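Read through the structures below before going on.
Below, subunit A partners subunit B and then partners subunit C, in two separate complexes.
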Partner chain A sequence: MVEEVRKCLQDLLMKVNGLYCILITDRDGVPLLKVGSEKAPEHAMRPNFISTFGLAIDQGSKLGLGKTSTLICSYSQFQVIQMNKLPLIVTFITSDSCNTGHVLALEKQLNPIISELTLAVAEL
Partner chain B sequence: MGCCYSLFCKDENSSQSGEPNERTHLLVDPVSNNTNIQRVNSEDILSRNLNNLPKKTDEQSALNRILQETATNVIDVAALDSHNLQQHEYVERMKMYNTKVQQVFATNKNKISKKLNSCILQDIPVPDKILSTEPISSDDINLITSSVAAAASAIQDIKVDHKEDLVVPFGLNC
Partner chain C sequence: MEKNLDRVMEELLNKPGVYGCVFADHQGLCLGVKGKASTDSAGVIGAIAEQAAKLEPKSKMPIIHLENDNKACIIHRTGTVTGAVFKNVHG
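Our next item is the complex of A and B:
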């Protein structure tokens, strides 16, 4: 069954031009599911990079603008898009020219998978 | 200018009780307001604590609470130090997640596979059943064909009625 889900994520990866990697991790950056092409940069997939998102949104929530739902970081070579699905974090790593809206639209398709994965983390 | 202002103030005095004069602050002082509120709070806490004998510790705890509340409300970028996961901890947790994820997906197999297949075309387990159902009645077919034919002829009858020139010269006296 895990293979099926992974294949589904792989399909999403193929559908979006420039999407290199989809990572579903816990708040410390430990991966539950991970699919990616060889173009995905190793550094951006490290747990200590991904876990900074959790810290950043904790601080960001104090701005009085409500809960942070998505964080988009645009670098000269890559984009890192992270979604707040706490206790999970969904991270997309894309090329700099990838259509960000297209990636954001994947959220809807990922939601059923994420809600199941949340159970896996919650049970621990 | 000052004279004008005082005259203006006199008018205001008659209508308003909170009379602005040369000594009133133009801006509402947010700092003093805040301290007032805080003072009231701490006095409240203190007066509440008067009944309890170990006054000092209560005061201390009240202060601690204020400190903690302030600390949670402050955006402290310097404190963004994450605790780094140890390598063995990371590997252990990853293994644990692996088994957990497999379990969760195995138990909810049907539910997930339904959601994953959002394609319009789907496999039908027993096709004979669907194929052997009764076809729609000839009345319905007649209704559909006649209404579609009417709609098609209506579309073909759409015409553009030419009334005035499409290109109009502006401001040219021809």
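Our next item is the complex of A and C:
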């Protein structure tokens, strides 16, 4: 199953210009699956960075706008787009000029993969 | 703030056959949508315009026309804004 999912993510990676890396991690930022090119910055893939998403969505929910579903961080050289699929977190690392909307549109294609992985994680 | 865009979209929808339109910025994020169109398509529309422009880099931004038996989608980028118009075509 993992190989199939990996191939699927690799296909998605090819489809979006400037998308460097797709990471599926648990809520602590521990990677379950990682697909990416060498261009992806190593320090943005560390668990201590990715796990801050959990803190951010807790703060976000205080805005009274409902559950935080997506977080986009735009830096001078990269963008980090994270999706709330708790107990999993999906992280996309892209170039600064990457089409953010295109990455967000990948969510629908990722949903079946995520639900399958969530089941696998729940079984553990 | 988006009054002008709203007016343009309203005018577009009043044109014969047009049933939806969507506008995206340079990041593929939705600026506005009206009629039977989805905000989710904003990113894909931006990407299509970007890829099509690579075919003829020295030319002006192309107009992309996607069509099936009864519907058409016309995409064009001006500056940083990409627009898509969905319309019915009667063969």
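The criterion applied here is as follows: the second predicted complex is superposed on the first by the 124 of 124 C-alpha atoms of A that agree within 3 Å, B and C clash if a C-alpha of one lies under 4 Å from a C-alpha of the other, contacts with A are read in each partner's own complex, and residues count from 1 in each chain.
Everything below uses one rule, namely that a residue touches a chain if its C-beta (ideal position, glycine included) is under 8 Å from a C-beta of that chain, and two chains touch if they have at least 3 such contacts.
Please read these numbers as outputs of a predicted model, since none were measured by experiment.
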(request) Figure out whether A:P31 sits in contact with subunit B (first) or subunit C (second), or with both, or with neither. (result) first
(message) Output check: A:S95 vs subunit B and subunit C. Expected answer is one of first, second, both, neither. What do you get?
(response) neither
(request) Mind working out whether A:E116 is in touch with subunit B, subunit C, both or neither, as first, second, both or neither? (result) first
(message) Quick one: is A:V103 in contact with subunit B, with subunit C, with both, or with neither? Answer first, second, both or neither.
(response) second
(request) Identify the partner contact of A:L63: answer first if only subunit B is touched, second if only subunit C is, both if each is, neither if none is. (result) first
(message) Can you tell me whether subunit B or subunit C touches more residues on subunit A?
(response) B
(message) On the A-aligned overlay, A:M1 touches which partner chain: subunit B = first, subunit C = second, or both, or neither?
(response) first
(request) Would you tell me which residues of subunit A are touching subunit C in their complex? (result) 16-17, 99-105, 108
(message) Which residues of subunit A touch subunit B once you look at their complex with the stated criterion?
(response) 1-2, 4-5, 8, 26, 28-33, 47-48, 51-52, 55-56, 59, 62-63, 109, 112-113, 116-117, 119-121, 123-124
(request) Would you tell me which residues of subunit C are touching subunit A in their complex? (result) 24, 27-30, 40-44, 46-47, 50-51
(request) Using the touch rule from the top, collect the residues of subunit B that touch subunit A in their complex. (result) 72-77, 80, 82, 84-85, 90, 93-94, 96-97, 100-106, 108-109, 111-113, 115-116, 118
